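Heads up, there are several structures right after this.
The following pair of complexes shares a single chain, subunit A, combined with subunit B in the former and subunit C in the latter.
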Partner chain A sequence: MASNLEYRKPQKTGQKRRNRETRQAYLFLTPALIIIIIFFVAAIAFALFMSFNKVNMFSQQFRFTGFKNYLNAFSDKVALKALSNTALFSFVVVPLQTLIALVIAYGLSSHAVKFKKTFRLIYFLPTLTSSAALTLIFMFIFNVAGPLNNFFMSIGFYNKPINFLQNPAYSLKVIMVMNIWSTVPTYMTIYLASLVDLPESFYEAAEMDGATSWDKLRYITVPYLRPITTYVLLTGIIGTFQMFDQAFIFSNGSGGPNNSTLTLALMIYNYAFGSLNTMGYACALAILLTIIIFAVSRLAEKINGGNGLQ
Partner chain B sequence: MREKSKILKVILYIVLILYAIITFYPFLWALAASFKPLKEIVSGNPNIIPKHATLASYEYIFGASSLFTRWFVNSVIVSTIGTVINIFLNTMAGYALARLDFPGRQRIYYAFLAFMMVPAQILLIPNFLILSKMGLLDTLTSLILPAAINIGNIFMMRQFFLSFPKDIEEAAEVDGLGRFATFFRIVMPLARPSIATQAVFTFMGFWNNFMAPMLYISTPSKYTLTLGLQTFVSQQSGIRWDHSMAASIISILPIIVLYIIFNGYFLQGIRMDGEK
Partner chain C sequence: MDSSLYPWFISQGVLAQLPKKQMQSTKFYKNLIAAFTSKGKLYGVPKDNSTLGLLINKDMFKKVGVDPKTIPTSYAGLIKWLPGFQAKLNKAYGKGKVTAMTYDQDMARNLAIMIAKGGKPVKNNGKANLASAQVVKNLGLYKKLVNTGAVATAKDLGSGDNGTAFGTGKVAMTEEGNWTYQVQKKQYKTNFEVLPMPTYQGKQRGMIFTVGWGENAESKNKKLDNAWIAYVTSKKEMSVWAKTVGVMPSRPDVAKAIKLTKDSNLDTWLKATNYSTVWQEGNTLTTINTSYQNFISDAMNVKMTIKQAMIKADKQANAAISNSK
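This part shows the complex of A and B:
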């Protein structure tokens, strides 16, 4: 009997302790939970609700329209143009930014290289700079009387300045260059971090077998980095499909000239906050965009064969 | 073999230096342009060194007719307050998820994971309406409140506290400190490296954010720097390259200073990103 009592006692205080810990835990979590409930849970529910309604912001009216918003998206010429712009953008930018980041990281990780800190500071500058400042600087570089036109003309590339900013044939390409240029440093740093962990003995063994630098890159470095590459590809795809700031500033929000810089995110913004009063439709488009991003990401993950999220 | 490795080394340096030039070239031109009179910029002078160097652009943007100083101050306010709030809320949430045992912990953890994958586009429209209902549109609060936490940083702190030695807290409890006193006086100071990493990226996120101010703020005196920079593009008379380059350079400076001071934390942060 006595032993039974003794056994009970700690259990009771244990229970008390657990209650106290639960209370403390929720006190620690409450502020974060409030933000998440308002700006994530409620927001997602609200977006889903609006996507099935015709929303009139002026009269604050919601009219249930079923899947009409979603179906309309498939016959919307503007949406198709934005989709093709964004897909092309992603298709060009993601492989190039990954490749350049990998090459620069491989070079920078070599023991033969000195001044690594200086190189890194310079390479890192675009990551530190806001998209607003970056876009302005790039627009300056590419403007008709700007440094790039002058440079190309001085080396005899062409002799009439090209209007990179206003010519629809060039504008999206300028944003592509700008985007690659500004995202490479982040991915390079990610590669660099995991290259530091690559055991030197792998390279030494390969050298004994007479492997060249190219062989080492091809047969050791690239396979070793595969999981990181999956991560870089996924982040790249998500980033390019959500591209907004650069296109917005470049075109002053219009997606012009001639819809040539209209991305999906910019189009959603225009439908939601433009003069068209089509917020419900914009919500449906945002949800479709999420589905597209998810599908393309899974596809890229399958092709690369690694699991980047683990 | 020797010859070959020498050639390879040269090629390596050429690639690295070439890329450094490509990266640096636009910044250098922007810097040069900020000291040139507009006439010289638009005349298509191929020289990067200013012929008639002048501080006129800087005098203009910091002058009385310009709201630039105001935007700068707004950015400092939003970024500083936003970062401090983030540090506390994220660290507290990460600590609870890692260290405290309570019913619902797993469920909350997985819910957070799922929310991390929701793209900004879906949240943007409803959040605009929610903020408008709360009467917060066109206030600096609207830039801070929805971003008062960051789920990615909550995870980072959770990972950190998972490997945080338990005996420190136990010793504090023996000394009679309660849970909250232990957390704020012992645990948080010891978590400084992780908190600094989080702080640096959060500050940069607030400082460089364009979309939120663009959507939520409409009064020019409440603009942040990024939104202010955009006004240089929308001017009817064409872009004033001299002013806009000076403004861009000033907007980058604080982050570069931050990077030079907290260099190590920047690399660590990106590294953790890569391993997420």
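This part shows the complex of A and C:
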């Protein structure tokens, strides 16, 4: 009996402490939770509600129209074009940005490289540039009389300058290059942070077995970084599917030339904030975009072999 | 409220009618007041306005040895004159360094040309009509300008807008508004002069951008609202506003009172108020302009005719307009 009592006492205080800690945890979570409920959950719920209505934001009138907005979206050829632009953009940009970030991070983590900090600083600079300024810089580089055309013509690559910005065949590709260039540093930093923790002994052991640097990358670094890669892929997919600012500045909001830079986010913006009462349609498109992003992200996660949390 | 959004506000029925007499509506530039008048009733009072002029870089003209007085005053004349001028610029600055002139791919700038000779880019029912014969014919002007090889958009030159391209010396002439006046003078220190807009089909044409005071139809204190609008748009108060902020007044008597007419450059912009078109055309304009910008560059740069591009623009704009029904 006595031993039983002795045993109970600390358990009770332990329970108390756990309760206190739980309360504390919720207390710490509350501010973020309130913000999330108001600005995310409520906003999403309202968007969902609006997507089933014809909305006049100005006079706050809502008229229930059922699935009309969704049906319109499925028969809208422009929406299809926007989706194919967005998907193409994502499928080109995400693998490339992930690969380049990984290779640069691997290079920078190697002990053989001198002036690592300088390199990191230089590689990180694009991230510090605002995307508005970045877009203008790229538009300068790629313009008809710009440095890129001059360079290619001076080495005899072609004779007549290419109108990268206004030729629909090139305009989206310019934004792709721009996006890759500006996002690689962030992902490189994330990879690098993880690579610092990779035990050197793995590499040493591999070297004894006669592994080349390619082998080390392929069989040690890449598998080790798999959870990070999942994170990079997911944020990459979400980011590219939501691409708006660069296309907006590039085309002055029109998605031109000839719909070549029209992304879903840009199309949603045009419908939501034009002078027509099409907020409901914009919300329907936004909900569809959310579903698409969710599906594609899950798929990418599966292909990459899980998120590393299990 | 912006003049281009006024028709939308009217269609929503949210504007209160304003007493013309109290607002001294006869004292304003006629076309500015007209922009806020529907069926003879006044719903807005223009706060100020901006117009376009042809800015020329005097230093560049001096360097290439061309007297600005010899610049043709019509687009037809410019189209013949520009290649020679571009050749001189190439000789003085090197090929591809300075372009003779900019143009815009934006209805907010092109509307005055598009409506010339009865052109009707927007139908009465609000549908896009960009591919109609006269509009396409009028837009041909820009293609002719581009074909001289001496005219490009600011974007083509790697600048965000005309003012930047002009200020940074990438272009010798540009059609721009009075908002760039102080920027050119103080920031870029450009030595420039403002000429009136060139003529097209025998008439000077440009755009006016204006913003007006409006009153909510459901306002509970209309008397006070009216008094406030009348006060801030009075001769005395508008003089203070225009002088302090450096905008162009919407009343000729204010322009005179604060001696804007004494500055020949500002006077050119002021005079443009008389011949220019207010940026306004029904409540579907934003959608139509978005579609126009989407397709016009194809007509200007790729092997597509203006007609083909505008048919596409019409189709897309009208689909979006139908979506809102």
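In the analysis below, the second predicted complex is superposed on the first by the 261 of 310 C-alpha atoms of A that agree within 3 Å, B and C clash if a C-alpha of one lies under 4 Å from a C-alpha of the other, contacts with A are read in each partner's own complex, and residues count from 1 in each chain.
Assume contacts are C-beta pairs under 8 Å (C-beta built on N, C-alpha and C of every residue); 3 or more make two chains touch, one makes a residue touch a chain.
In this text the structure is predicted, and so the values were computed from the model without any measurement.
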| item | value |
| --- | --- |
| Room on subunit A for both subunit B and subunit C (clash or fit) | clash |
| Subunit B versus subunit C as contact partner of A:Leu136, first or second or both or neither | both |
| Partner chain(s) touched by A:Tyr123 [first = subunit B, second = subunit C, both, neither] | first |
| Touched partner set for A:Ala43, first subunit B, second subunit C, both or neither | first |
| Contacts of A:Ile238 with subunit B and subunit C, given as first, second, both or neither | first |
| Which superposed partner A:Ala145 touches (first subunit B, second subunit C, both, neither) | both |
| Touching partner for A:Pro168 - first (subunit B), second (subunit C), both, neither | second |
| Partner chain in contact with A:Pro257 - subunit B first, subunit C second, else both or neither | second |
| Contacts of A:Ser84 with subunit B and subunit C, given as first, second, both or neither | neither |
| Subunit B versus subunit C as contact partner of A:Asn270, first or second or both or neither | second |
| Residue contacts with subunit A in the superposition, subunit B compared against subunit C | B |
| Superposed model, subunit B segment overlapping subunit C, candidates 6-14, 24-32, 60-68 or 186-194 | 60-68 |
| Subunit A residues contacted in one complex by subunit B, in the other by subunit C | 136, 139-141, 143, 145, 150, 252 |
| Residue numbers on subunit A that touch subunit B, as the complex places them | 18, 21-22, 24-26, 28-29, 31-33, 35-36, 38-40, 42-44, 46-47, 50, 100, 103-104, 107-108, 110, 112-113, 119, 121-126, 128-133, 136-141, 143, 145, 147, 149-151, 154, 161, 181, 185-186, 189-190, 193-194, 213, 228, 231, 238, 242, 244-245, 248-249, 252, 265, 268-269, 272-273, 279, 282-283, 286-287, 289-290, 293 |
| Residue numbers on subunit C that touch subunit A, as the complex places them | 5, 8, 12, 14, 96, 99, 106, 152, 155-160, 283-287, 290-298, 300-302, 309, 312, 316, 319-321, 323-324 |
| Subunit C-touching residues of subunit A, taken from the complex the two chains share | 56, 58-59, 72, 76-78, 136, 139-141, 143-146, 150, 163, 165-168, 251-259, 262, 270-271, 274-278, 281 |
| Subunit B to subunit A touching residues, read off their complex | 8-9, 12-13, 15-16, 19-20, 22-27, 29-30, 33, 41-46, 48, 89-90, 92-93, 95-97, 100-103, 105, 108, 111-112, 115, 118-130, 145-146, 148-149, 151, 154, 179-180, 183, 204, 207-211, 214-215, 225-227, 229-230, 232-234, 239, 241, 244-245, 247-248, 251-252, 255-256, 259-260, 266-267, 270-271, 273-276 |
